[in-house]
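Each chain carries a letter (A, B, C and D) given by its place in the written order, and its residues are counted from 1.
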Amino acid sequence: MTELTGKIVLGPHQYGKAENRVVRIYRDTARHEIRDLNVSSCLRGAFDEAHTVGDQGGVLPTDSQKQTIFTYAKTHGDGSIEQYGQALARHFADDIATVESARIEIEEYAWQRVPVHGGGHDHTWTRVGPEIRIAAVTVTGTGAAQREWVIGGVKDLVILKSTGSEFAGFLTDEFTVLEPAYDRILATSLTARWRFATDPQDWDATYDGIRAVMIAEFATLHSKALQQTLFQMGQAALEAYPCLAEIRMSAPNKHHWSFDLSRFDVPNNGEVFYADDRPYGLIHASVLRADAPDAGTAWDPYTGAV
Amino acid sequence: MTELTGKIVLGPHQYGKAENRVVRIYRDTARHEIRDLNVSSCLRGAFDEAHTVGDQGGVLPTDSQKQTIFTYAKTHGDGSIEQYGQALARHFADDIATVESARIEIEEYAWQRVPVHGGGHDHTWTRVGPEIRIAAVTVTGTGAAQREWVIGGVKDLVILKSTGSEFAGFLTDEFTVLEPAYDRILATSLTARWRFATDPQDWDATYDGIRAVMIAEFATLHSKALQQTLFQMGQAALEAYPCLAEIRMSAPNKHHWSFDLSRFDVPNNGEVFYADDRPYGLIHASVLRADAPDAGTAWDPYTGAV
Amino acid sequence: MTELTGKIVLGPHQYGKAENRVVRIYRDTARHEIRDLNVSSCLRGAFDEAHTVGDQGGVLPTDSQKQTIFTYAKTHGDGSIEQYGQALARHFADDIATVESARIEIEEYAWQRVPVHGGGHDHTWTRVGPEIRIAAVTVTGTGAAQREWVIGGVKDLVILKSTGSEFAGFLTDEFTVLEPAYDRILATSLTARWRFATDPQDWDATYDGIRAVMIAEFATLHSKALQQTLFQMGQAALEAYPCLAEIRMSAPNKHHWSFDLSRFDVPNNGEVFYADDRPYGLIHASVLRADAPDAGTAWDPYTGAV
Amino acid sequence: MTELTGKIVLGPHQYGKAENRVVRIYRDTARHEIRDLNVSSCLRGAFDEAHTVGDQGGVLPTDSQKQTIFTYAKTHGDGSIEQYGQALARHFADDIATVESARIEIEEYAWQRVPVHGGGHDHTWTRVGPEIRIAAVTVTGTGAAQREWVIGGVKDLVILKSTGSEFAGFLTDEFTVLEPAYDRILATSLTARWRFATDPQDWDATYDGIRAVMIAEFATLHSKALQQTLFQMGQAALEAYPCLAEIRMSAPNKHHWSFDLSRFDVPNNGEVFYADDRPYGLIHASVLRADAPDAGTAWDPYTGAV
């Protein structure tokens, strides 16, 4: 390769308002409901001149996007985060002339009712986590040419099994000093994102169901590697949910090392571990249907949060 | 005041090994149990010469403390974090000649069994949070002169009520522009630490009970201020648990501001809020019994985690 | 779209060891040097059976990758992070039969010598940041078919100008309430990544030079929008460095809002601001040469850190 | 000890507005200046009834404190953070009837001018860190009975020496497996806080000077332990600055472990280390003058940031 002399031009670009912290309370009856969200909007389109000559004539301010996000929480926020994202993405694609494609990314933080008198309190909750439900909706074009992709998912789902996991029979090279393991802790902090082929009837129930299928598979499969576990988890979810086209997973292998107590004449048969921070194995895997429709720009990221 | 010319001397000092990430699996039957801990040890005593002349003769290495922490997870880790902390603190105070006082601080991360086939899985869990159980045990002296203080608690307990909270009738000055609020969201991320007057029969059940009493009080009390809510929460816990001498709470007032939708002719009757990050009100309050025993060094901190 | 019934198959996958914290000291003379790194390795290739049937026969353990990373810090770590990354990526692509492509991502933390006696100390440094130098090297194939892409960059470069920035003439819709600004603070935490068309003579000097050109452009350009500023920064870097093919930038618009002091009869002419956390505008932009060579898999991410 | 039956009463309490992110630009000439601050106010006093009966009559809203903090950035913010803190603390103690004591805690983030044309740019800066300058001012009472304490300091000052450090001759017990080290990396992320006995002439120069003395001592002292290094650093600062009464330091021992390359027949003579995250040694030490005036409530914390 050599040094370059070609003309310098603008490449791909996008912009929006990131991390709008929307809390929506539903208080039509004494039994309130809550949705606690982090919403980001991203616009792609005819914004070249904002870059090349500083002309903002086609640029909808990110503040206007923020106002829209909060207003839609009232006017279009009665359903799931996927539906709220659809409403927002369609609005920007349909109603703002310079927008060719809009992407809405949402995180939802879970809350559970405080237990009082044998039931859940009407208007008080505690946060539950660390896992976070996520969604990303991309809408491109208008009218008959409009296309739409919906991704749902979960991130920071920390899951651990204390047995039923091994790692052996691996490739070795001159730097291999690792011993095979036949009974180890397997733990990860899973991010899984699933692309819908079609809209399910009930987005919230579908989220709960996919999550449940995946963690049950993690629990019950005897694991020969985190890779195998991830594939089986994705396969199980796709089998159970034909509305899904594809699942992508990112999973750090959170190492738990057996602590050497033998120096002190204390036995340690898989009982005392130290949980290491870094480094960690990091696996990315995807599972999809052979007849999955084209992903288009479904996976083109914005904030990195989804 | 004037400039000083006095002799320069060593003041208070302490040291230890912070943040040992211990995971303890109990696998005596097919139904495993897990305790996931972050343990810090702190020693106070005759370590002056390590500072003043670099003589380590009285200094037990922090690595030795780490080895002890992991070993005790096997040999003394069958109970609650308070009991495990007692075992460690007593050991350092009793067995290391230069130690005058030992403090053990522990964080415990909660896990719940994965639901499978209508029950919890034997050896697979997901993390639950964000709240973390905490404990701090301080043991001073040896033999008949030995004294011990145990603190339990919870941190990062995020709790929110969507109504039943007001803030009005406050003092005003020339910088006061705040309007009184008669129906607002009240939310906090509570850290509460309670000092035991005597050891309860069941440390784990006591933790669960204190936590439950406090969040029920938060839910059911009509709040005139976060200060009032905290006092009532502490009072309720002390009333229910006579084993407690004192409760100290730190509570950020996590502001949720009503978002102005009126500009767009959309009503917002306590339905759409933005959750602000900073600044935040921050309240510290304590509630205690008039006959509480002397706190001694119970509250002298080490890592700040407890 | 409809529900899917197609065969479920494995999609794209990759794995490696993330966040190896390598500190390399050069002590051949009394004047030591330091390189403080966070290194991640990522392998892509013939690992399907690890996923589909749990067969690890083609999988080089992530621990072996870690051993290689630390060993190469001694044997191949005498130059820049780009060169160290090249050595590692070439090794995995050349020497591990199942590897089709290897990607090495590196963060480098900067240190500066402690000033003593009018010069820098021989073996003591303080960390400087928050900005972090980054690199990502991807090597695909072997022998004559081998291809290689090198990305350098900087992340978390926080830069602010207190005047010389405006935002006006923008598109408006029914949610637009923002007023145009003719003199505002412009601030961002820049991540910029540049793809090399050819290897420069001196990687470290090239890093310093690109960084300097970009921040000088940020300072001296009268900004009509962050988009324009980013484009000009990228253009300036490409003009100065013909070894570069392309620059990609991610830039949050860190809002600084003028604080309303007029209620207290205190003037505030661009003097007192509050720095808001969220939400923030977020701009992604890229600048490239018309004759830039194919990017191949240069930008396919692994950890997200680079 | 036994269970308690005594009356339940309110204990110590305090409240305020935490983490006001104030950015102050000085633009009286074309050469601007910047101060970038995180300011927290804390009031102690006659607020019992806010807790016990929910009466806010004595409670100045935290919003009013915020308004004051931003207004004073214009009217009283022309000097150092110590002086700005004094103005705020005196105001609350003097002017708010229910306040018995006010504490102001401030973090200051450093910026350096962007180099252009051989000089620093007039109105553009990049952030430098990670270290943060800190201050805490406490004012108690009014009139002749008023007392005031000023603490300055630095936190997150990351410093490392690659030789000139040992750790040997330590106490051993049955859990001691650590080998003595005669040439190791010594690294910490220092928080140092110094209490003033009297106001210096130039607060900013004093900060720079104390910092310089401490890091020079860290560099030049052959260390027999981190404890010894801390003591000598504190002593050096007190000797150089007779305006100081006391220095308190918190210093994690950031472990850098030699990586074992011998398995691969590669020598490693203090050249390749891995920087471990947790656990870490954690040392707290203080150095003071024998004639130091009473510390009063100088060290009573609020946010934990200072």
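Following the convention adopted for this analysis, a contact is a pair of C-beta atoms (placed from the backbone, for glycine too) under 8 Å apart; a residue touches a chain by one contact, two chains touch by 3 or more.
In this text the structure is predicted, and so the values were computed from the model without any measurement.
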If a chain touches chain A and chain C alike, it appears here: B, D
Of C-D and B-C, pair with higher C-beta contact tally: C-D
Distance between chain centroids, defined by C-alpha means - chain B, chain C (Å): 38
Geometric centre distance via CA averages, chain D-chain C, whole Å: 31
Multi-chain contact sites of chain D, meaning residues that touch two or more partners: 20-21, 67, 71, 175, 177, 263-264, 277-278
Pairwise touch network: line, ring, star, complete, or other: complete
Residue ranges of chain A touching chain C (in the complex, touch as defined): 1-21, 40, 42, 47, 50-68, 71, 95-96, 98, 167-173, 175-178, 197-198, 223-225, 227-228, 230-231, 234-235, 238-239, 242-246, 248, 252-253, 278-293, 302-304
Touch list for chain A against partner chain B, complex: 20-27, 32, 34, 36, 67, 70-71, 73-75, 77, 111, 114-116, 121, 123-131, 157-164, 185, 212, 215-216, 218-220, 256, 259, 261, 263-264, 266-277
Chain D residues within the chain A interface of the complex: 174-175, 177, 263-264, 277-278
